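In what follows, subunit A forms one complex with subunit B and a second complex with subunit C.
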Partner chain A sequence: MKGYLGIDVGSVSTNIVFLDEDFVIRETVYLRTQGRPIEAVQGGLKEIAGRLPPGLTVRGVGTTGSGRHLAGVMVGADTVKNEITTHAMASSQLVPGVQTILEIGGQDSKMIILRNGVVSDFAMNTVCAAGTGSFLDQQAARLNIPIEEFGDIALNAEAPVRIAGRCAVFAESDMIHKQQMGCSLPDILAGLCEALVRNYLNNVGKGKEILPPAVFQGGVAANSGMRKAFEKALGLPVQVPPYYNVMGAVGAALLAGEAVYRAGPSRFKGFAVAEARFAAGSFECTGCANQCEVVQVTEEGVVIARWGDRCGKWSSAVNEQKKIG
Partner chain B sequence: MVMPVKVGIPRTLLYYYYYPMWRVFLSELGAAVMLTAPSTKRVLDQGLKYAIDEICLPIKLTFGHVLELSGKVDYIFLPRLVSVANREYVCPKFMGLPDMVRHRLAGLPPLIDVAVNLRRSGMDIYPAVWAVGRFFSASRIHILKAYRRSVKIWERYSRLLERGLLPEDAMAVIEDRLEKVPLFLENKVCVALIGHPYNIYDSHISMNLIQRLRQMRVTVVTAENLSEKIINRNAARLPKRMYWTLGRRMIGAAFHYLAQNSIDGMIHVAAFGCGPDSMTGELIERQARHCGVPFLNLVLDEHTGEAGVATRLEAFLDMVRWRRDKGVAEGGSQ
Partner chain C sequence: MRVTFPHMGNLYISVRAMLEYLKVDVVIPPASSRHTLTLGAKYGPEFACLPLKLNLGNFIEAHGLGADTIIMAGGCGPCRFGYYAQVEHAILQDLGYNFQLLILEPPERHISELLVKIRRISGNQSWWQVGQALRFGYLKARAVDEVEAAAFKARPRETVPGSSDVARRKALNVIDRATSFRNLADAADEARTIMANVAVEEGRPVVRVGIVGEIYTLLEPFANLNLEVHLGRMGAEVDRAIYMSEWVNDHLFLGLLKGMRSRKEACAAAPPYLRHTVGGHGQETVGSAVNYARAGYDGLVQVLPFTCMPEIIAESILPVVSADFNLPVLTLVMDEHTGEAGMNTRLEAFIDLLWRRKKQRELESERVPGY
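Right after this comes the complex of A and B.
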């Protein structure tokens, strides 16, 4: 089988997909990054290689997500793209005619507006990660319910309580207050979903024209309570596409297909990178008063990439093909 | 031989508008002008340590630059800019800057904090010129000559900007130290960068925004590339007069570029905590949406991560190119 790999290294999950030559999704892997992106990428590659038939030819690889540069130098990516472009790319292919993409991941949330199949506007949360997957995870853990059941419990709410969603810290104290007053668990969870949706729409969605069809993707889209809260707040049907949690990786694979079509054969180093010894470290450059934190990635003891320096003296010192995409 | 009086100028705030003028005026009067080096992390960290908490990022940075001059110069040139145009004001923080600096930083060389207030009349520049000149010369003729020469240079600087140069390049041309002339390639993506000069041209604060854009094969145009006439004509389209000079320049430039249809996208850069920016930014964003031009709003503060800025910028340019390739000519949101 021939096809394209897409790798999305996010703060919380690392996703890998394989598309065949006709860009049909053949296999997907969803792993927790657990703060170790290198191990996650290697583990994911091993897993997907094991699931796919032998004699595989990878014709192109794309990486995305906050760990895209790291993953890109590890595997030899043909394209390294930001997560906004990849998500938009994937949705516009999988959900034809989509006009609004609501995306909530582990640590970030974004909204992408498409018109006539082209991105016309987008927004992304800034420093504050209130209302993203990690916060829901944490609250589920505090209430001692598995995150997988969170949404279904919230769907049973009769009268969702009002919770302040502006800040995760306030939301938590508000929730505790409501809980001690005797509100039911479903009502509190549904109230939390509504608060997060309100916060998202006021922050990320400020000034955006949200038109149907609207899709909800990213890891948090698994939470049916959140989907319902979105539908209630927007007054629109919100669909969760089939590959909602690996959309970034799908987009990266699609873009990899485009990149090799334009630039020739793939730079993919092969599935053997799953066994190679990679190490990443950082040091503070003392060359000037900027004190840049330079990150260095090595493969089998050889430096393959450096970044983080403003002047470029460290990153350009790596004679490997350094800039991709 | 008499040692020349050393005057330090912080490379912040309205340096980007007036430095060529200040430099010539002061050096014609016999002063040795010392400009601070471009901002670095250390300069900003110093500023953050000493500036008051509630102030905006560029003022905090200015504290850092002033500290860089401490002990190295005889005077620090920090004019109190109240108004630089008829019936208009500069930001109130600029008016209070000399006082803030004086009260927060001990052991500084004396400040040349002459007030410049041209709100009633442009002729009011002369009292300020005499007041600054008196620090160096007793001769009114000498001062007047220096001023005239500085105005000439400033006019040349403005002309260079209108020809499409950005401030650092224009200053390099004037001071005869231009190493490489930026070439203007046709058929590149053109983006209008709208923001306060001291935010967009300071490569530390803006995280190398202009250089990043140029590396991504983007032609950058700014408010400084337009004549006052064009800016005023466009700013006048607001239903009410904009009485902040800096805000008027941003609005006028943004409206001009949006009406011209010559740009592929617009990036608005605001400093977190800037009151006027929060309003002018909104006015510009609405107009950009109305015209269907891709728009990105970047808010910068000392906590802004470089990765977040890079991601947004990349995504924005992907969007701009994607739209251009598909030849989508949109009027408003369809």
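Right after this comes the complex of A and C.
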């Protein structure tokens, strides 16, 4: 089989997908990043290689997510793209005619507006990460319920309670107050979903024209309570596409297809990188007042990439590093 | 008396020129850094905006270098910046730093109000000297802005990555070192040559992006996480709504010098979206957005410090401007975070969006009628 790999290294999850030559999704892997992106990418590659038939040819690799640069130098990516572009790319392929994408991930949330298949506007949370997946995770842990059951419990609510959603810290104290007053768990969870949706629409969706078809994707889309809260707030049907939790990786694979079509054969280093010894570390440059934090990645003890320096003194010292578009 | 003042981008070049022309002993604080921010965030009120925290950090660092007098701009109007000089001074005093404070309130009627204050700082030198010093500082601001504008053009087209910023740094140092009108003219020429010598690929396609917003985050690269450099390296030719020399002419010279872009033009373009002043540069932001749209720019970036009231008003009006002119706008809020990765993700996506729109427009215009 021949095809394309897409790797999305997010704050919470690392997702890898394999698309065949007709860009049909053949295999997906969803792992928790757990603060160790290198191990997550290696583990994911090993897993997907094991599931795919032997004699596989990878014609292109794309990386995305907040760890995209790191993953990109590790595997030898043909394209390294931000998660907004990859999410839009994947939805417009998988959900024809989509006009609004609601995306909530582990540490960020974004809204993408498409018109005629092209991104016409987008917004992403700034300054604060209130209302993202990590907060839901944390609250589920505090209430001692598995995150997977969160949504279904919320769906059983009879009268969702009002919870302050402006700030995650305030939301938590408000929730504790309601809980001590004796409100039921489903009502509290549904109230929390509504508060997060309100916060999202006020902060990220500010001033945007939200038209159907609207899709809800990213890890939090697994939460049926959140989907219901979105439908209630928007007055629109909101669909959760299949592969909603690996859309970034799908988009990266699609873009990898475009990139190798333009620029020729793949730079993919092969599945053997899953066994190589990678290490990443950082140091503070003392060359000037900027005091940049320089990150350095090594493979088998050889420096393969550096970034974070404003002047380029460190990053340009790595000869092998080519500009990936 | 050893005088210091807060950083705001390249402002120090111009203010130093003016003060040293009057033989005032000047202490320039170290460039704003994470250390500056740590000091400011530690001692500043948590809900104050980023400029106050960086100002405070600048003053504490300047104190370490022997400064004993602060010159700070004042202001009056809905933006709370007008109080910052007093608030910062009070905080410094509580911490045991005894500074003498000189506030330059913007003149309301006549430039002479400003001259009187500067003359006092200079130890009562002649009016002629004071006028010349002001002119000297202003000419430096012009030369600096010329270098900045050249860097905006060179950055997206440079053949060696980073070369236009090396040249820019060098050119600014040349201007900073000039000590008389005569060698300033030579320095400005040399700076022009340095910038002209950056190797560029002339025909490389670029997208044009206007940067609008609050003046401090617009002009101070530490506060905006090097926004202009990132945009430039991603292939965007940038222009910014406020240049230092324009601001000096508008606010200190009361628009005395003609023939340059002024806030009046920006404000005149703001109605019907925003008909009156809302403090800070709120109205200018809306008006500049309209002007950039009319000038055919591909997109706009608005920057503001977290909690900035005038820019929040502008932010809520910009979607209407954006829809009317079909011009994408990206708003970036700046606060104490120093990680550039998050901002880069947003900028990269924004530039992608601009490119795809531009290509689509080009395809549409290439279609021959009848086919």
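The criterion applied here is as follows: the second predicted complex is superposed on the first by the 324 of 325 C-alpha atoms of A that agree within 3 Å, B and C clash if a C-alpha of one lies under 4 Å from a C-alpha of the other, contacts with A are read in each partner's own complex, and residues count from 1 in each chain.
Here is the rule we go by: contacts are C-beta pairs under 8 Å (C-beta built on N, C-alpha and C of every residue); 3 or more make two chains touch, one makes a residue touch a chain.
Predicted model only: the values in this text are computed from it and were never measured.
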Once the two structures are overlaid on subunit A, check if subunit B and subunit C clash or fit side by side. clash
Just checking: does A:Arg115 make contact with subunit B only, subunit C only, both, or neither of them? Give me first, second, both or neither. first
Check the residue A:Asn82 against both partner chains and state whether it touches subunit B (first), subunit C (second), both, or neither. both
Where does A:Ser66 make contact in the superposed view: on subunit B (first), on subunit C (second), on both, or on neither? both
In the overlay, answer first, second, both or neither for which of subunit B and subunit C A:Arg262 touches. neither
If we overlay the two complexes on their shared chain A, which of subunit B and subunit C does A:Gly312 touch? Say first, second, both or neither. second
Considering only touches as defined above, state whether A:Arg277 meets subunit B (first), subunit C (second), both or neither. neither
Where subunit B and subunit C land on the same part of subunit A: residues 66, 81-85, 118-122, 124, 126-127, 207, 289-291, 310
Subunit C-facing residues of subunit A, complex: 66, 81-85, 108, 118-124, 126-127, 206-208, 289-291, 310-312, 316
In the complex of these two chains, what residues of subunit A are touching subunit B? 66, 81-85, 113, 115-122, 124, 126-127, 207, 209, 288-292, 310
Residue ranges of subunit C touching subunit A (in the complex, touch as defined): 30-31, 33-35, 161-162, 165-166, 226, 229, 306, 316, 319, 322, 328, 331-333, 335, 337, 341-342, 344-346, 348-350, 352-353, 356-357, 360
Please name which positions on subunit B make contact with subunit A in the complex. 40-43, 204, 208, 285, 289, 292, 294-295, 299, 303-305, 307-308, 310-312, 314-316, 318-319, 322-323, 326, 328, 330, 333-334
